[in-house]
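Shared between the two complexes below is chain A, which pairs with chain B and chain C, respectively.
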Partner chain A sequence: MNFLSLFARNLKSGPQVEAFPFGPAFTPDRLRGRIVFNADHCEGCRICERVCPANAIRFAKTPDGMTFDCWHNTCVFCGNCEFYCPTDAIHQTNDWNLAHTQAEKFDMVEHGLIPNQKCVECGATALNTAPMVKNAKPPLSETEYAEVRARCPKCRAKYLKNRKVPS
Partner chain B sequence: MSSNNVPETFSIPVGPLHVALEEPMYFKIDVQGETVTHVDINAGHVHRGIEYLTTKRTMYQNVVLTERICSLCSNSHPQTFAMAAEQIAGIEVPERGIYLRVVADELKRVASHLFNTALLVHLTGYETYFMHMMQVREICQDTIESIFGNRQDIGAMCIGGVRYDLDEKSIAYILSQLDRIEPEVHDIIKTYKSNGSILRRTKGVGVLTHADAIATGVVGPVARASGVDYDVRREAPYAAYDRLPLVVHGATDGDVWSRAMVRLQETLTSIDLLRVCLRDLPGGAVNINDRPDIPPGQAIARCEAPRGEVLYYLRTNDTPQPERVKWRVPTFMNWDAVCFMMQGAKVADIAIIVNSIDPCLSCTER
Partner chain C sequence: MGLIPDFKKIATRSPWLYRINAGSCNGCDVEMAVTALIPRYDVERLGCQYCGSPKHADIVLISGPLTVRVKDAVLRLYDEIPDPKVTVAVGVCPISGGIFRESYAVLAPIDQYIPVDVNVPGCPPRPQAIIAGVAKAIDIWRERL
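This part shows the complex of A and B:
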């Protein structure tokens, strides 16, 4: 394409730069941005903590349960946590707007809590994590899932073992 | 000029900043008048100790770390690392996974080659066309961002396959974007062949003869432009390259223009390969959906990065961390050839010659 026709085309199609911040910025759906954590789905396997190359994810045991923290300022947005998470408890949104003032820098954390609960069977205190029942056959019904979830790890194993499996 | 009309000899520093790319590389150049007589290369300004860092991280963390060695070959590094790990653990990547590896690889190659050839136009002083070429590259960058979620660190690779998948919609999107890029690349090639200011600055400049190319062991487009017909994708096919209609482009002149032309023609080949890949994409899983421990062992893997052959040596032991990771990147082989290319060159051509090897210092100095 010679220069003149290129010039005419550019004149017609307008500037190629985005109008941001006065207009929207190009943001694809699959953009790998800010991490969100859903404590309800978390199995507490802590695989995300192990595969995170930047050590941005930390779990800690507190009197209330297990806390999850992802430091956005340490996160490199690689998405390893989402990829290896067995229960889709971690998601990368396409929110890239992470600019903040210096005063807010310690608030740039995605926080989650997996609370403690009392096991309905033995009464022991245990984490209310999502049960690891992905491979259970046949799949658990909703009531069964809630019953498993209300138990401590030992009683969960017992429950699944004694579960009547129709042959 | 001295009194007897013999040009005086000077030693001039070029770099470390802004030689061609915004990466630090220092040349001590002896000149006689306007002509280069001797080149000394001084490297090491961006050493970050990444080889050491890899031994402090687990194999699965290292896939991300190796991706961040360099932005333009950010797919080749984790791919080669994963290939070495798969070799040790005996992992078979699913069929769909290896095709998707080629898709990621070739999209990055298109972006990288267009970037380098655009920079060459910038260095010849044709700024308007530089802007246009970068805009063409932007089509490719938008595609990469929309498919992988990031413009540079695309996060496509994992040990045992790839992390992303394509559906009908995204395949159609990539194909439509390729249809936009292809005619533009044809136009760019036409401009490269006919534009006076590009031809005058690049033809016959920075010649690397076939014999010198063999002696310095150059790789990638630099080697192919000097008549060394070598491409890892053909010589040691990995991923799905043994099933794809790969055309290896070459030239014999060995000058800056030939190297740029090889890159532009490879861009067209990459677009063809992408179309074939997306057409033949088999179904099934994209990765092994597992995170196996990598047993002790050692392996060498290599693949063709946009700049040439990248080679990984990986040794693992009983720990989750590798014992040693060593990589040899294309720029390490190519920059010695700069000394040969610069013999007798004019001072004004130094930046053009440096750019023509497509130097990637963050890879080389890691």
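This part shows the complex of A and C:
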């Protein structure tokens, strides 16, 4: 009789096999998968390059600015970069489907560029990184943030120092 | 007589898988065993089956960064597999070396020694990703037949 109850249950619930190659696969939301990079939020501190155990992340200085490259074929999905990133510029998505043919091997890279800009105050060429103003008190307004961002690191420090803080 | 070639075309559509451990940490090997053995991620739906002998294999799954010590054995095993064969590099190690890259004991990437057709990155890859890689390998294998 046990057989009959199992048979009835299997008829009701259907197969337990994952449908994947022929249907969608179950993916947990917090699965550690492919890395994405948001150049707008990057501070340029390069901590991710330093903590990456497999050296999958490389920064390079070019005439246009600083480039970011994360090689998915070297990344071990440990999540150190996301954990240490101070500005949430680097994220792990739950995309695990990275199987590719040999011809696509060297396209498996997440590329980003932090462009150069001219400082609005002194005219020096500097990277347009996100400013490190997490601990500024009181928090910067949006216009202040844009003004800080348009400056070079030295002028940024000067701007933050001379900022009027209501006591 | 025309029927027999047609029949052969239908009959040769079940590639057999073979696993080579080229100095892997066993993480990818466990995942590969999981794709085949447990009913939840059934790789036999694609017509594949694991076999114990390289002489019966059609698709080779290689894991591990090809350590210096195991290199000769892997190349000898690989030569024993009859053509046409399709090679799938499973895990980050055979593709680029992963965390073992640039070590003196490791000869990664493996495509310097063995022609690789499909790469499945991950440390280890999910069972579904390995199945996706095997599905890609089957397409390549059918073209080569």
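The rule is short, and it goes like this: the second predicted complex is superposed on the first by the 155 of 167 C-alpha atoms of A that agree within 3 Å, B and C clash if a C-alpha of one lies under 4 Å from a C-alpha of the other, contacts with A are read in each partner's own complex, and residues count from 1 in each chain.
FYI, a residue touches a chain if its C-beta (ideal position, glycine included) is under 8 Å from a C-beta of that chain, and two chains touch if they have at least 3 such contacts.
Just so it is clear, the model here is predicted, and its values are computed rather than measured.
After superposition onto chain A, partners chain B and chain C are found to sit side by side with no clash.
Applying the stated contact rule after C-alpha superposition, one finds that A:75 touches chain C and leaves chain B untouched.
Contact with chain C, but none with chain B, is seen for A:25 once the two complexes are overlaid on the shared chain.
In the superposed pair of complexes, A:84 makes contact with chain B only, with no contact to chain C. By the touch criterion defined above, A:53 lies against chain B and chain C together after alignment on the C-alpha atoms of chain A. When the shared chain is aligned, chain B and chain C each come close enough to touch A:16.
Contact with chain C, but none with chain B, is seen for A:102 once the two complexes are overlaid on the shared chain. Between the C-alpha centres of chain B and chain C, as viewed from that of chain A, the superposed structures give an angle of 50°, to the nearest 10. Superposition on the common chain places the nearest Cα atoms of chain B and chain C 6 Å from each other. On chain A, the patch touched by chain B and the patch touched by chain C overlap at residues 16, 53, 76-78. The part of chain A that touches chain B in the complex is made up of residues 1, 3, 6, 16, 26, 28-32, 47, 50-53, 76-80, 83-84, 92, 94. Residues 57-58, 60-65, 67-68, 128, 132, 135, 138, 142, 145-150, 153, 155, 158, 163, 187, 291 of chain B touch chain A in their complex.
By the touch rule above, chain C contacts chain A in their complex via residues 39-42, 45-46, 92, 95-99, 101, 111, 116-123, 125-126, 128-133, 135-136, 140. Interface of chain A with chain C (complex): residues 16-18, 20-22, 25, 53-55, 71-78, 96-102, 105, 108.
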